[in-house]
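What follows are several structures.
Both complexes shown next keep chain A, but they swap its partner, so chain B is in the first and chain C is in the second.
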Partner chain A sequence: MNMFLHELKAYRKSTLIWTVSLVAMVVLFLSMFPSFSKDAEEFKTLLEGFPAELRKAIGLSVDSIATLLGFFSYSFLYLKLAGAIQAMNLGTSILSKESREKTADFLLTKPVTRTQIVTSKLMAALVSLIFTNLVFIAATFVMASLVAGDEFNKEALFLIALSLFMIQLMFLALGILVSVIFPRIKSVISVSLGTVFGFFMLGMISSTTDDKALRYLTPFNYFDSAHITENLSYENSFLLTVVLFIIAAILASYYFYTKKDVHSV
Partner chain B sequence: MNIFKREMKANRKSLIIWSIGVIFMVASGMGKYSSLEGAGGQSMNALMADMPKSLQAIMGTGSLDLSTPIGYYGVLFLYLAVMAAIHAAMLGSNIISKEERDKTIEFLLVKPISRTRMMTSKLVAALVNIVIFNLVTFASSVGLVQKFADGEEVIGDISMLMGGMFILQLIFLVIGTAIAAFFKNAKKATSLATGILLFLFIISIAIDMNEKLDGLKYFTPFKYFDAKLMLKEGGFEPLYLGLSAIVFVGLTIVTYTFYRKRDMNI
Partner chain C sequence: MNVIEIKNLTKMYGKARGIEDVSFSVEEGEIFGFIGPNGAGKSTTIRTLLSLIYPTSGSATIFGKDIITAAPEIKKEIGYLPSEVFYYDNMKVMDLLKYSASFYKKDCTKRIRELADIMELDLTKKIDDLSLGNKKKVGIVQGLLHEPKLIILDEPTSGLDPLMQQKFFDLLEKENKKGATILFSSHILSEVQRLCDRVAIIKDGRIVTVEKISTLKENTYKKFKIETNSTIEKDLFKLDGVNQLEQDGSTISFLFRGNINAIMRKIAEIEIANLWIEEPNLEEIFMHYYEKEE
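Moving on to the complex of A and B:
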């Protein structure tokens, strides 16, 4: 319990900063929606005159992006990016900081098992992410109801916003796994930024090629907002992959950390 | 000279990884062009031209001519510039702050060189790194764009864009070093530098999406070297060049003065 509280306190400031920046991004993007939807309406009438192949070639149908959900899905791309960086940072740093800041021997000589250490740290990271997401979803709904001209599908909006949490959990698990596998991580931010941007670019490529198999490679494409809007559910195969990946990564992290050779000073 | 060599060696691996990343980025981006080319360039252009500004921003195209390779490359340029900027900002803050983070600053500061000289060697090493990064981007871009260009002259345009990217890199390099020199907590310097960078990038997207925010464009360097503007005007805007020079010189001075007085945290 002490470790859990200590970690919560240690990450309080960074969690708050991340939460505030995510909320600021939602507010910024959604506040642009009213003027955007007016533009898009005009463009839609114009688009009717063009052949269907062409409309497909631009990559997204204007029809869907002119709605609040479509617009939110677009801005969600950047929110996912920011959220993933937060989670990956948290995951990579929470275990590795002990040896980087030379506090590992202090912690490891306490009468707690390594399993307990990982569990408390994991719980603290989870609570930070849950806090961020609660505030994020609340802010999204407040902003959405402020800017939406007419009714919008609340359930779909909730599911899309919630998918941020799933992506964050995946990156958190990945970050922890990376931090226990590599013997020493000097700079957390370069590891996490590199990984997240790598996956982000993979996601960009996979969404243009429409390759089903490639989609499994990057968490950014697991939750397709078009599918969510239509069916009000996630795709089962991807949801399953998320759960399996998280369980596997966490179990592996426990296994590796209990055997890890931790250098003292 | 020793510090310079040492820094070059320390950053070699990351530079290689970044170079592979940027080559991959150019290749995959231009690969998308070849699939787009089949979709009928001309009518695509007509459509893009009629698109409202905010929609264009979402597509990332603006007034670029997507049917030509160089126009398409202009869209890609934004992402290359962001990559280069991240590299530069991380390099800049890291090269200064890592000494404190890794507790090697004591070792370095007791050597018979002044802090100014040490900073200069580090800055020169960082400069060489970003020049190499820029050249790699330039070479891979020329190679791949030329492949699609059917004998059109692209080297001039690409050199100009790369010139813009280089200034952008310089600005973010000194943003990184200035933060590392000024900010008390050395461990957080890199995070702060990348945070500022992402913030500036989001601002530049927001400016694209909403005309009311146009006045903010002087605050984000990403707007200084906009591919649309550079390709259309065929050169840099003197105002932005001036602004860049002021920011660069100002932050370099900040880096030196604050680092010389810095209270190292060991």
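Moving on to the complex of A and C:
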């Protein structure tokens, strides 16, 4: 419990900053919706002038863009990007910071198992992300009712907003795995930005090609807003992939971390 | 009873040598020195004992329990001070120490204040703002605050001024009297000689010898350099136990091993201008042990 609280405290500031940023983004995006929907027809004509591939790549769907859900889904792409960076950062740094800040000797000579260390850190990261998502979802709903009144499907909006959490969990797990496999990560930000942007680009490419197999490699496209809006559910095969990936990555991280030699500075 | 027992411990870093076939044991209540030059494998041995790294082969026990399978249990009673101390920079000293204490299921607040008093450590400062020596003091308090039965020190004196070093040694001796066993690693022979009862010498990853300090002292050379007012016959010092006798003008130098009184009587016979008697440095001791092996 002491480690968990210590970690939570250590990430308090960055969690708050990320949460405020995400909320600011959603406020900014959704506050543009009223003026956008007023002139929807004109925008649609304008957007139809864009090449279809570009529209797909940036997640624009002309049919639905004038609805709140469509508009939110479009801006959600960038929220996902920001959220993924937050989670990947958190995951990559939470174990590796001990060796980067050279505090591993302190922590690992205490009467705790390495499993307990990973668990405490994982829980602290999880709580940080849950906090971010609670605030984010609340902000989304407040903004949505402000700009669109009651005229939107609340369940669909909730599912779309919640998929941020799913994506964050994946990147958290990926970040932890990366940090235990690579012996010394000098700069967390370059690893996490590189990985997240890599997947983001892959996601854009995959959106334009409609390649089924490629979609499994692009976490950003796992939770398709159009599908959620229509069926009010996630696609099972992708949900399963997420769950399996997270379990595998976390188990592997535990395994590698308990076996790892912790070298002196 | 042996507090630490190391059996044929080997650690390879890929193909590079860490330590090879290291075996020795530390008895309860003794201050055991672990000495060798940088890179000889002192830290590797200690880090293996603390299960920070895992051995390639061989095994070791602490308090009779396996260092790997019983690691968390063993560590309840171990205080460790690494050669370089690093802590969470943005914490205050007191918060860091409280965090450290929170791992042991006892109240250490009183003990923290006591130790901080002795080491003259300001508990209200941020760790970030501390000098190297003061960070070291945090390390010392951190390592001793839970009154461990085994204290493991890895080159602990670097960064401490002589006065603090003295206080630190006094502190260690007090802990030892209360029953704590101490494993003291160092490359400075004089500190090991001062504190320790027995010593293991490690070189190139292997234990060269484990000896009592008293035996080691008898067996090692002292370096003599004598400056005389007038040139004297150097054969005067051709005694048993004298080696590498050299004369350069009015100075005579040699290495001596044996009863020092014999030499002192000789020196008293002549008129001298100056006299140096030096402990051999570590390298010279190793030379001594290498010669013995060959």
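Note that in this section the second predicted complex is superposed on the first by the 242 of 265 C-alpha atoms of A that agree within 3 Å, B and C clash if a C-alpha of one lies under 4 Å from a C-alpha of the other, contacts with A are read in each partner's own complex, and residues count from 1 in each chain.
Note that in this section a residue touches a chain if its C-beta (ideal position, glycine included) is under 8 Å from a C-beta of that chain, and two chains touch if they have at least 3 such contacts.
For clarity, every value in this text was computed on a predicted model and none was experimentally measured.
Q: Does the superposition put A:His6 against chain B (first), chain C (second), both, or neither?
A: In the superposed model, A:His6 contacts chain C only, not chain B.
Q: If you tally the residues of chain A touched by each partner, is the higher count for chain B or for chain C?
A: Higher number of touched chain A residues: B.
Q: In the superposed arrangement, which partner chain does A:Asn236 touch: chain B (first), chain C (second), both, or neither?
A: A:Asn236: touches no partner chain.
Q: For a test of understanding, state which residues of chain A touch chain C in their complex under the given definition.
A: 2, 6, 10, 101-106, 108-113, 116, 259, 261-265
Q: Please give the residue numbers of chain A that touch chain B in the complex, ascending.
A: Contacts found on chain A: 21, 25, 28-29, 32, 35-36, 39-40, 42-43, 46-47, 50-51, 53-54, 57-59, 62, 65, 74, 78, 82, 89, 186-187, 189-190, 193-194, 197-198, 201, 205, 208.
Q: Considering the complex alone, what residue numbers of chain B touch chain A?
A: So the residues of chain B in touch with chain A come to 14, 17, 21, 24-25, 28, 32, 35-36, 39-40, 43-44, 47, 50-55, 58-59, 83, 86, 90, 94, 98, 101-102, 190-191, 194-195, 198-199, 202, 205-206, 209-210, 212.
Q: Can you check the complex and tell me which residues of chain C touch chain A?
A: Those in contact with chain A are residues 43, 47, 50-54, 71-76, 78, 80, 82-84, 86-89, 99-100, 102-104, 142.
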